[in-house]
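Every chain is named by a letter (A, B, C and D) in the order it is written, and numbering of its residues begins at 1.
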Amino acid sequence: MPIRNPVFAPPFNIVRASHVELGVRDLARARAFYVDCLGLLLSDETADALYLRGVEERNHHSLVLRLSRAAEAQALGFKLGSEADLDRAAFWFARANLPTSFPDLPHQGRTLRTADIFGTPLDLCAQMEQSESMLQKYAAHQGARIQRIDHLNCFTPDVQASYDFYSALGFRLTEYTETDGDDAKLWAVWLQRKGNVHDLAFTNGLGPRLHHVGLWTAGVHDIIHICDVMATCGYLANMERGPGRHGISNAFFLYVRDPDGHRVELFTSDYLTVDPDHAPIRWSLTDPRRQTLWGHSAPESWFREGSQFSGVAPREPALAAQPVVAM
Amino acid sequence: MPIRNPVFAPPFNIVRASHVELGVRDLARARAFYVDCLGLLLSDETADALYLRGVEERNHHSLVLRLSRAAEAQALGFKLGSEADLDRAAFWFARANLPTSFPDLPHQGRTLRTADIFGTPLDLCAQMEQSESMLQKYAAHQGARIQRIDHLNCFTPDVQASYDFYSALGFRLTEYTETDGDDAKLWAVWLQRKGNVHDLAFTNGLGPRLHHVGLWTAGVHDIIHICDVMATCGYLANMERGPGRHGISNAFFLYVRDPDGHRVELFTSDYLTVDPDHAPIRWSLTDPRRQTLWGHSAPESWFREGSQFSGVAPREPALAAQPVVAM
Amino acid sequence: MPIRNPVFAPPFNIVRASHVELGVRDLARARAFYVDCLGLLLSDETADALYLRGVEERNHHSLVLRLSRAAEAQALGFKLGSEADLDRAAFWFARANLPTSFPDLPHQGRTLRTADIFGTPLDLCAQMEQSESMLQKYAAHQGARIQRIDHLNCFTPDVQASYDFYSALGFRLTEYTETDGDDAKLWAVWLQRKGNVHDLAFTNGLGPRLHHVGLWTAGVHDIIHICDVMATCGYLANMERGPGRHGISNAFFLYVRDPDGHRVELFTSDYLTVDPDHAPIRWSLTDPRRQTLWGHSAPESWFREGSQFSGVAPREPALAAQPVVAM
Amino acid sequence: MPIRNPVFAPPFNIVRASHVELGVRDLARARAFYVDCLGLLLSDETADALYLRGVEERNHHSLVLRLSRAAEAQALGFKLGSEADLDRAAFWFARANLPTSFPDLPHQGRTLRTADIFGTPLDLCAQMEQSESMLQKYAAHQGARIQRIDHLNCFTPDVQASYDFYSALGFRLTEYTETDGDDAKLWAVWLQRKGNVHDLAFTNGLGPRLHHVGLWTAGVHDIIHICDVMATCGYLANMERGPGRHGISNAFFLYVRDPDGHRVELFTSDYLTVDPDHAPIRWSLTDPRRQTLWGHSAPESWFREGSQFSGVAPREPALAAQPVVAM
């Protein structure tokens, strides 16, 4: 039985997935994609980085694009409940023999850089420089009118181990895919802290690697519009999958690839999960509707490709089952 | 019985309401409103005029804003079926002792300038310089993503007379408001040539004056978005009425006033009227739902204010009945 | 040069594609699909037929489903401008040595049953019994909230011949696909009478066969919703293609197959084409964006399958070029 | 300075506003309104009560309509984090000399019935009977396609006192209205537990009374549709205010009155508030945009009318300032 009881009193309080840093090889090209096309707001621009946020976000940035020789993911960022939680986190990771340091990061409060058991780099902080909310500056809403970061989705070589690790930190399971039969194995898990379907998800595969960054839009229309825009302004090849409706999470989605190959999901319409008696939903690995209600298959790239984390060699997963591809 | 049979073989073929010219006192201010806020495309800009069009329009312009000392409407523009129709129109208006001339207008084919029986200036042409359709250049769609001009709506001092005049030219009645009782009088008429609810409408009032120019949007979302934009970028006072749903025409609407006071309707979701046996819908002047299904009252300005036509003194209407204001 | 000038004065006036009759093998099953799921309104139900219409339609029916031993299309229906046009049509078809009869059809005015040069059965009438418009009975809008019939799309063994035939009857070309090179051949044509992109379209293929019936919805949201409904109430396998955006016509579309295999397109967001100087848009057969802007391929069935017309044997097309399938 | 620091470690964990019980005088009439028109799902129906929920809700009910001689609100319902939280709550309320009892309520786990300092009846429970989620049974989504309960909004005779009381229980302030000047007084507060703008709100006025129950819809389209439905199926007079956009919370809203006069808000599009450094937004009582961005005034009834709580006499507020009504 691979499913655990939720941990309601974790060793420290992670509030949500709040930001991510990606390495890109050409800042102008990245800016054209994320700002001019997708419509993220530019909070700051330096010689080697772009700091971006969605229209409702007051945190200075939810996406940092750093000039890099390789198109790698640098770190997953999470917001903690307080500075005291940050101290508790540092203690917890140190005692778990995981790396801890406090790099000086612009526009963020004190930040713990650490890693999970597979080496996935994590940045934890409780405070970030606050920017103006642009939610009611509607004239500044462009492209997909992205509201905020929603979640981070990763490949892991061992879903059960990743699930166990993050469960202990208070992440709650909302949906999961497992193999059928007596010796069921977890294939994928969706884990939340902020009260919707996920802040963090893991799928079985060569990992750790970042599968995608999920960005929230206000509705279906914004996603349909960005399809029309991308298809007609030179980004057709960047549209990897969708639009469509996931069975899992009920999300209306579009997956796009940025000019460096990092995957972004534009995402809306999941549901509330804060109740203590909210039970996780199980999907069989052989049920094609978990991937898409409407029966469209995902391309091979969607199952195989992801962004490596800087300096972290991914491993092959132990579990070799193949998901049933829709249709 | 004030309603006439449709004229299926008119003396010449008016295809649709296609453009309108408005006098504005400040071109930069007008451009900020129509282009930067509402999102109309700028086809041409000269020292004394702006030529605008919607995203699907290939005609060079559907809205001409001409620098003027007075905020007056200059002319209502209609597209004819052919150059031969234009000749027939010139003959017909001349024989009706209405003025005819062929001014040289930029970007338009041969254009007949004439007037209706109340002096409303009309520009008729069969050809216009063709511009690139921007319908599938989605990145250029901004603001209300206006698709095209839809209709022209005027005050007239005598609705029956205006209806009779345009009916003879083949305009077909789709909806009308009349007073109750044995001696019913027309209060307002909606007349079409292109096959939806209207190209031209008349309401009883001090006239002739232009009540509004109707611009078509692709859906409700575009109108809700422009409400949010206008309310938060300095145009709150320009939002005169709506958003709402008209009983008449079933249109989802927003009425705005431009910086010179000209009224524009953003409009979507009416219906097809091409059938020969399509019967007009009658509304009683005492039925508040014709103005709005949802029960919102229109402000006094909406009933009283309009743009005078240049050089044409409006007259008081003969009919003094008052519409029932919703709620 | 295969493109002809429009015929603005045709021998009789066809107003629009107005109805279609399909043979179905199980009326209850058809009713569950069209009424309970898609949301068409039931105008009448007899022992051997269902008469359906959209929410804005006042014509008694736009879709007739007749109990039949074979899942065949029975006739394409068109509305004429007047009873005199009907007489002119009967004369014209007779002189062209095409069959003419006046069968007695319930709820329709006098109806000419004839055929085009390939035997496609055509029903022409100028009047139909009028039903209540349900456009403002919003509580009755269900499923895809279908507004009205929009168009009919057929396979033909000779696109040029079909185009020539219907052009002579006043159908105007709005978009077309042709092969490249000096000796360009027409591959597909979109032809209109009512002023949007099409009433009737033809694609090269084993024909004559009905490819699909196009039904108009008020917006994108209605099509997304019916995807969710069909996918979760037993009609997943009936979703053949989409949702997506056509390059041709700019339509937002979903293609579904009814329980007898007849194909229906739910369709919205094309554009106005009434201008006399409105030029048709040419697409190369090698341009994948004509089928879909977003790069999704259509399934093989979409290119190959269609409904035979009752009693009409289809022929292989002369033109053997293959369309470039998207992606 | 009336604003307090958030209490991150409250005496017990209230997860969210989860349900409400209203007294209605005619169950059939209430069912027609809530189920047939608004589209709430019927979880259970007894001789004296209806149990309703939204399409994503797994809790058996979020709205209980109980047959009653008076149209009164019976209790505000909140979900707690655990059974242990429920024990802690009982202890806390008892020590505060507030009433505590554990009535036996159908379909709910152990429930503490208590009251706040003004006598507002509160029902607290940690568990509820779980029903099937209908989120992916799209064919069952009707009317406004209501997803879930969102919040409860009340009049209070002393906003500062209500704010102080609920702040101590961990409710966090997200937005507030106060009078201007040196001695600023709180006029209204929006308080959250689940991470969006509010679970509970208070406005200065004759209280305690329930102002409205907020129900969440997936998007703007669902609210526009229910306007059309209500206006055309006999509920026009029940549409009290909107649709519109609040400045406060950025919500797109429609306020309706049920047949007993209880007020319901259909509501969508607010924002995420989980961050520990998320600062509340201050609005001046003299700023009309807090009520509506678009400049529409609310009717007098919206400011004056509310549902009394059963057996609780409301008092006049101490603060007599008048809100500036929009426009």
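Following the convention adopted for this analysis, a contact is a pair of C-beta atoms (placed from the backbone, for glycine too) under 8 Å apart; a residue touches a chain by one contact, two chains touch by 3 or more.
Just so you know, these numbers come straight off a predicted model, no measurement behind them.
Enquirer: Which chains does chain A share as contact partners with chain C?
Expert: Joint contacts, listed by label: B, D.
Enquirer: What is the chain whose Cα centre is as far as it gets from that of chain B?
Expert: A
Enquirer: Per the definition at the top, count C-beta pairs in contact and tell me whether A-B or A-D has more.
Expert: A-D
Enquirer: Which integer distance in Å separates the CA centroid of chain B from that of chain D?
Expert: For chain B versus chain D, the centre distance works out to 44 Å.
Enquirer: Rounded to a whole Å, what is the gap between the Cα centroids of chain A and chain B?
Expert: It comes to 49 Å between the two C-alpha centres.
Enquirer: Could you state the distance in Å from the CA-based centre of chain A to that of chain D?
Expert: Centres of chain A and chain D (C-alpha means) sit 32 Å apart.
Enquirer: By the touch rule stated above, which residues of chain B touch at least two different other chains?
Expert: Answer for chain B, listing residues that touch two or more other chains: 136, 219-221, 228, 231-232, 293.
Enquirer: Tell me, which parts of chain A touch chain B in their complex?
Expert: Touch list, chain A to chain B: 37, 136-139, 141, 219, 221, 225, 228-229, 231-233.
Enquirer: What does chain C use to touch chain B in their complex?
Expert: Contacts found on chain C: 8, 15-16, 18, 56, 58-59, 79-82, 126-128, 130, 133, 135-136, 147-148, 194-195, 218-221, 247, 250, 269, 271-272, 274-279, 293.
Enquirer: Which stretch or stretches of chain A touch chain C in the complex?
Expert: Residues 220-221, 224, 227-228, 231-232, 236-237, 239, 243, 245, 252, 289, 293-296.
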